[in-house]
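Chain nomenclature is as follows: A, B and C, assigned in order of appearance, with residue numbering initiated at 1 for each chain independently.
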Amino acid sequence: MHSFSSRPALLRRSAVAGLGIAALALAGCTGSPQPGPTGEPDPDATLRLGLVLEPDNLDIRHTSGAALEQILIDNVYEGLVTRTEENEIVPSLASEYEVSEDGLTYTFTLNEGVTFHGGGELTASDVVETYNQVRSDETLIGHDQLAHVVAVDAPDDRTVVLTLDQPDQNLLFALTGRAGLVFDEGDETDLKTAANGTGPFTLADWSQGDGITFTRNDEYWGEAAGVAAVEVSYIPDFTAGVNAALDGSLDVLTAVQADLAPQLDGQNGFTLTRGATTDKATLAFNNQAAPLDDVRVREALRLAIDHEALVEAVGAATTQYGPIPALDPGYEDLSDVAPFDPERAKELLAEAGQEDLELELTIPSFYGTTVSTFLVSAFNDIGVELKVDPVEFPTWLQDVYTNKDYQLSFVLHVEPRDFGNFANPDYYFGYDNAEVQELYAEATSTVDPDESAELLAQAARIVSEDHAADWLYTGETITAVGPGVAGFPVHSINSRIDLAAVTLATE
Amino acid sequence: MSRMGLPSRLWRLSTGRFGLIVAGVVVLTALVSLVWTPFDPRTVDISHRWGLPGWPHVLGTDGTGRDILSLVMAGARTTVLVAIGAGLVSTAVGVLLASIGALTPRWTREAVAVLIDILIAFPVLLIAMMISSVWGGSLWVVVWSVGIGFGVSIARVTRPELRRVSRSDYVLAGRASGLTALQNLRRHLLPNVAPVFIVQLSWSMAVAVLAEAGLSYLGFGASVTEPSWGLLLADLQQYLQVHPLSVVWPGLAITLTVLALNLLGDALREATDPTLRGRHVPGPKAIPHTTPGVVA
Amino acid sequence: MIRYLLTRLTLLAVGLLVASALIFTVLRVLPGDVAQLIAGTQGSAAQVAEIRRQLGLDRPLWEQYADWIGGVLHGDLGVSMLTGSPVADELWEKAQVTLPLGILSMLIALLISVPFGVLSAVRRGRADGTAISVVSQGLAAVPVVWAGMMLVVLFAVVLGWLPAQGFPRSGWAAPGLALRSLMLPALTIGVVEGAMLLRFVRSATLQAVGQDFVRTGAAKGLTRTQALIRHGLPSVGLSIVTVLGLQVAGIVVGAVVIELVFNLPGIGRMLATDVGSRDLVMVQGELLVLTGFVLLIGFVVDLVHHAIDPRQREAG
């Protein structure tokens, strides 16, 4: 399951070993440098937040796109469990949960006093109905992720039991996403333009092109939100975003582009935070199409790329040499698999009989030109002429994703824990390796998370050694936090922004 | 017959001189860039990103370390191609539509007039979006969308003129004296309307250059494989507030070229229309041919 | 006159119908569709098919067209495929940004082009006349994107007088703020457009100067300027009005780039977004209204011309 980021946060940062960043990120110790609020948090404050890509509609059950999860999950909608900004699973609507030793039974105990914005009270039957809907209706997003759930029961009003047909290592994590969101039984709200969730904010207003407004849910079952309202503006142009921050129209600006960051750093009381993400900038090879079905060609293309230099050009990014990023289980530093070696690349191409190769890169037009420019130059140095074809996203979906009619493609895969794509021979990569598929199946059905991670790492190494794709970098996200703002998340901003703990001091 | 001596007549006008010189420089640069540029415009050099003008990068470098002067030189190629391509297509479309709209029986004339009005409502941008949606962004998108979009504009503006000339005395006399429609067209009609179209050709090239800038900014025009001024402008402009100098060069190149083409059009107009100072009703000459925001 | 009116009205209606068919077909040619976009990359083929069915995209084309046109004739432009909100409502909302922007730009363009255009024509050959001409030529050649950014740097970043981007969420409820948000965009368009219009005004004035009635006016004892104003200006004015009519329509339709650079929630940007997400019903409705708008303006301008200048009748 994938969502694609609108524009990658292209940020400047000098290259640091991937593992180092991973450690830092996971420890969270670079996270949340709180800019000194000058006074006490104002409970009536309105937080003005600037994001980039606006959702087409708010239907979180039917419409795909990271933009929806980013803003709606944890703020308006909640699930039994959720994840922190470092992708750790923590309880949410369920006060506690238990997994049986054989991994086939999940028992959740619901919190008390949870109400929906529309007025209903949360009971186990709401969960049962919601999850059964997801299981049976294939137009609901998350349907595939509950494939191993065979029954959802409510032994009493406060308990929900999920029964599986085999252990599913991904299930709990899936429940932190769309698959796990709980809706009111029998609710008739039109999700495209309205919302009825349990979260610390209610949806006050949404107007396409104007942004979204949340107001604090005073009946929230947990700790009340730190601000009275949040006004989200969508500013697709990066410079416009920076200007909005500079002229005081925003309290927080996300996805600050690295080259523009100096304008905000320390200006007008803004401080910058850098966070890790699972945004994998993936240069996909069509493994089924000649000449890319030849592993030597694929390896040559990877060796032609100086990943450290690219990371510097992109700005806020870290190197990535395999399909699993630092924030996901199974991460390993695979830089030994594809070091920068243009001479060897030329040799490989000669071996494969592919000198003077011409290839085409299909790339959605909203990504900007840094990556394409870099690739054109890098491939030119090994004798490969790269033609770049920028397309609109629906066209990409049709040509590349559905029809697999492409040679190279660049897209930012932002979903965490999506390694499964490489174990899916029907995915647009066209990568079909039985060993990887077996390892992945085993990893998914292993009950012990550490064992599972170990298996994933093995599979990831094979995928990288097969050169199934090139992972150009993993994005980092720079956020400009204005004076008086505290508690704003640092990591994973593209997929989740938990606003509940944010406070704003207005004086 | 009035076209002999045109270049020299153009040269005598200051506008014509400026236009010819600048256009000449652009074409020359384009040709030179085919064999030599200070650096390969495609080569990135991350360690020298955002260099200020100096040596060896005379105009500095962009966000990936590419040499701006080389990019501007190579971009001239694109500019020349787009300008000529769009210019020709738009003139052809304009001639075709205007002819049908002026020279055929009443029914088709009116139909074409309305068709033109409808098509004018489709801004160049929209045509570009649709073409690029089907075939992907590329310079052809610019050529065809400007060609069609501006061609329709040309038709709208020249159709009344064409009609007027077609009904003027000498043309009618030509028919009366037994010439076939085609012969009449060639001998009397065309020489008198040709200046109008030549002038429009020059302006359409100016529009094309501006359109390329705008469409590339939006992602429908040039892609990274073809160095272009518009794309360079689009890339660099994002960083205008942190690296203001870099964006000056492609912007200047575009502005000068467009200016030259506009002035050339003006000069052509002056040089080919003997009745300029006379009793002419305000004609097709100077109707502003594009709208900001539509193309650029 | 009545017959002329009727003919043109019929042509207008026919024109709209043809436009609608053109719009409809062209949009269906675009690759990719909104169903795929909604389903996204999690979508199975079955999911996409189901969404298509829900949106009515699987029906035969003529049926979809008839459905749409039927609705339009009843005043119903349909609802968005993505949000379900009525097309007409969205259009009206976005028009409240784009129309004022267009009008403001036009005013600025007029303020620049008319006085300076006339001046540069009257002072032709003199230093100031030439200077105006040269400067206007230069300004008209500037890419609007560039112009916009320059103005932002100057007025918003350096001087801080005007907002760099955006439009107040409250819309026109706070008219001062809304107006300030439109100033820079309008200035950007207005200056470049004004420079272009200036050349037209100049040439139209020049032509008027050479006209017989101006000489006649001079013979009657009016000064050249007086003759110009009394006799020349109306015809110049008529030409300007004609051109303006076309230009306003163009601005309303095409200010996409400006709306992007300045982050304004207007019609142009909405159109670009909707095409990008293949929300066909929205785009159809938007294009039809816009085309209708342009056709209407053309119709009115033609009528005015016909009523005022009988010589135009011959041009057919």
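By our rule, a contact is a pair of C-beta atoms (placed from the backbone, for glycine too) under 8 Å apart; a residue touches a chain by one contact, two chains touch by 3 or more.
Quick caveat: nothing in here was measured; it's all calculated off a predicted structure.
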Any chain in contact with subunit B as well as subunit C: A
By number of C-beta contact pairs, the top two chains: B-C
Central chain of the complex, centres being mean CA coordinates: C
Rounded Å distance, subunit B centre to subunit C centre (Cα mean): 21
Between subunit A and subunit B, centroid-to-centroid distance (C-alpha), Å: 44
Separation of mean Cα positions, subunit C and subunit A [Å, integer]: 40
Where subunit B touches two or more other chains, by residue: 133, 234, 240-241
Junction residues of subunit C, two or more chains touched: 30-32, 149, 157, 260, 275
Contacts with 2+ other chains: residues of subunit A: 239, 243, 392, 395
Subunit B to subunit A touching residues, read off their complex: 40, 42-44, 46-47, 49-50, 63-66, 132-133, 136-138, 219-220, 223-225, 231, 234-235, 238-243
In the complex with subunit C, residue positions of subunit A that touch it: 1-4, 56-57, 62-65, 138-139, 141, 144, 190, 192-193, 207-211, 213, 231, 233, 235-237, 239-240, 243-244, 246-247, 249, 392-399, 401-402
Of subunit C, residues touching subunit B in the complex: 11-12, 14-15, 18-19, 22, 26-27, 29-32, 137-138, 140-146, 149, 153, 157, 188-189, 192-193, 196-197, 199-200, 202-204, 207-208, 210-212, 235-236, 239, 243, 246-247, 249-251, 253-258, 260, 268, 271-272, 275, 287, 290-291, 293-295, 298, 311, 314-316
Touching residues on subunit C, where the partner in the complex is subunit A: 30-34, 36-47, 50-51, 82-85, 90, 93-94, 149, 152, 156-157, 160, 163-166, 169, 260-263, 265, 269-270, 273, 275-279
Interfacial residue positions of subunit A with respect to subunit B in the complex: 238-239, 242-243, 257, 259-260, 262-263, 306, 309-310, 312-313, 365-366, 368-370, 372-374, 376-378, 380-381, 386-392, 395
